[in-house]
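What follows is a structure written as structure tokens; I'll ask about it next.
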């Protein structure tokens, strides 16, 4: 079998180019922070990024100036507040946006995954959203005459996702909350996956139901333990809610945010440094948290 | 929580009526033989039945004279041969058919599951099948002008499926081969599930990823161990290939088939009798077979 | 137990009043915050049969700790099922989920909700998080209950942007035409309950210990008087403090 | 090792010749029987990188015992992934699966396949199993290889029913118009290999130990002579007996 293991630098360098449309996985759970930060470290720019509900990872990418366009259903810091970098960029017109809803983004990815141009849907026919999506069209059911919105497909060039484990051939296993992660990955031309650990193919075959992307669809696997921090990984570590809360206040201020990005992205250019930066004590406490390795609840 | 447990008689009596359209689950794996046989025992007739790939359970229903219409992508005895009762009924015009392909049947169910009238697809535009599906229509993509077939939704009144386990509230857990079983169930208005065993809700919560239908969608749960015989249940018992092979020869002859149906359906009016009919020795051997409880391979 | 409802915090009051509206439903599409807390409270008291559905794909959770995201550990942990968002939204569009709960930054007389921008869309005063699943739920769910803290700035003649479409004269005909849900029918604030009519919200009833004037204060819609009182179910009252997010 | 290929049974000959065609592919949509056996043989020998995809949703299996159904225990057991049929067919339609293998009851000069009826559709002499996934694969897969036992009754001028559409003059233009796969390009029998041209099948090469007359016997299409010989890969030859279904 072809081995898909790669170091982080090459996986991104070889598979992501300026102007690409990138789907970024993670729905509260399994957000590929460290993998995606590599786009910032390699300064690959003019990127379009998409997903349904986007959180502070999108904010960080926008703040880094490498994003041309955001395609989204929600963008913010869940429960905590707004995406301040997005809001600044929106205000100063330094990014393009394409604003949908969570369901419509997922259906756009679903259409691409199915290999068709569009899917009919009942949403996006009333309210102010439809008229702000200038290219959205209608479609009439040839059976009933029912009028639908035609949700156009969205086919990303690359998907960046994080999962629990994979073998070296690229069989990727994930459990817990998925959201639109698998949908977005399967819609994409290339799929790059960071994982908490590499396992043997024998272990994959013991629970094939856990495999969510087949090996032949996967471009590269990168082993990045703690790569989803400050989000979480079911069975490994819990979510660092406090990190999200702090991010809200610091990201209101551009120079504070620059310092944060230096500290948490630019200067931590290997995963061991990232783990060090998180801190031993904090890691232990997150392993003991809900869904962590040491969770006893 | 509402308890969904029921005895077999009531689950079918209360939820299936003459003229209903029924989706029958099981794709090689988990075919709901014993649950579906209850339709024959209760002589509920004028039924339409649908699924993608149909095997000898469809043949038995047709032979019993309770079927008005078959909607299918494939009908036969996999690898072994034809569906002889279907072929007789087709020859003597005693059933209606609606012949699709496996993919189009699955997309019809998928459209119903999504709550839309139709899904565009590239298939069924060339060859002799499209012209024999008289009501199939075309749809043009409003974005690209691409011409697609419009695959119409198919929404069954009832789904009959078999799974490994469920709790009394109706959370259904399944693993191994799914095929179109979950798709068909989620497309249906009512869902009746037979299971190998009832488990505690606590156990459901230990592996929520195994749950494939949420409790509020399930109409009734019936405990029917060995209910999928002669097909198989991953983790419980293997497939009785020999039963399928014997069925091919006996079902060529109508009176032999009548004897079979008396023996295997009419006279085994509780699941203990069915288990007895399968035989202790055969059951042990199937438990030792591939995917059985005692499989050590 | 005699309680002065004025002494209970506003979020809890909303959750208590709204929980009583969930009686009889079997499945509820909820977002994080008061909607999720309300559904948990109902499930723990008057409607144990209701199944909580989060757009992350988790079903059947009863979060014991505060959740920040619909995909948080507390939502996944000890749920009955984890499927994907596609599946949940498909069930929503197919009419398979009974009731939804939504909140927003602004609401108007027809129950139109705004979570997109304050000011104009192109050049807003405040840019907010956008629809998320809110537009989708507002369009598709058969029964929709709106939860709003009684902050007069949130109640407006006309929302700045219709993220999640309302009902009444505004959209009733189009909702039938497009086979959508019937739109918001109930609005719960921390002081009162309102019900939708073709001409917009009517005051239905007022929480004990509050006056009519308090219930309608700062709300710019014409509202007739109601003497109906909301009595909180005793079981709900006794359990409201145990709900994690409240 | 000098082998007389006439002493090897026909199914094994098909599998061996066809397996050599799978070199370089990464994913293969297979059905039960010779297609599955062929792909297993290729994976076990010249193309370890090929992933076997069954329409039941199982991926990566190498069945060790005879399988009757695409959903059989041997297909699920020790596979790398079990997804659903929807997912597999979606990947197929999206052009994400490289190559497919099909067989049928009848084939004609343009590679049209029939697995539906012998005789007329309404009143057939023999009613068969229908398309299953065959029509779908024939329409959508980028590269299609047909496997047929050399039974002259199977080779006809025009199939009685086009279940799975072919290519050549018959469908090439429509295939482009509908964004379909390019249709069957290779036909393997137990004696020879044929390749598709706009005017239909051409004889490409003949298995060692067989004559031209044997390779085209009973085939009603005009076929020019070919002196090219098929040499079976030694690894394939040595492992063909170990494939379960053969």
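Lettered A, B, C and D in written order, each chain numbered from 1.
Throughout what follows, a residue touches a chain if its C-beta (ideal position, glycine included) is under 8 Å from a C-beta of that chain, and two chains touch if they have at least 3 such contacts.
Bear in mind that the values here come from a model prediction, so they are computed numbers and not experimental data.
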Farthest chain (mean CA position) relative to chain C: D
Selected pair, greater C-beta contact count between B-C and B-D: B-D
Chain A and chain C: spacing of chain centres that average the CA atoms, whole Å: 28
Whole-Å gap between the CA centroids of chain B and chain C: 40
Centre distance in Å when chain C and chain D are each reduced to the mean of their C-alpha atoms: 57
Of all residues in chain A, the ones touching two or more other chains: 114-116, 121-122, 146, 148, 175-176, 209
Where chain D touches two or more other chains, by residue: 58, 76, 82-83, 92-93, 140
Those chain pairs that satisfy the touch definition: A-B, A-C, A-D, B-C, B-D
Sites on chain A touched by chain C in the complex: 27-29, 52-53, 55, 72-76, 78-80, 82-83, 86-87, 90-91, 99-104, 106-107, 110, 121-129, 132, 146-148, 175-180, 182-183, 232, 234, 238-239, 241, 244, 289-291, 297
Residues of chain B that touch chain C when the two form their complex: 1-2, 112-116, 169, 171, 186, 201, 204-205, 208-209, 211-217
Chain D residues within the chain A interface of the complex: 26-27, 48-49, 51, 53, 58-60, 76, 78-83, 87, 90-96, 140
Interface residues, chain A side, partner chain B - complex: 114-122, 135, 137-139, 141-144, 146, 148, 150, 152, 175-176, 209-210
Footprint of chain B on chain D - complex, ascending: 32-33, 55-58, 65-77, 82-86, 89, 92-93, 112, 116, 121, 127-136, 138-140, 161-165, 171, 174-175, 177-180
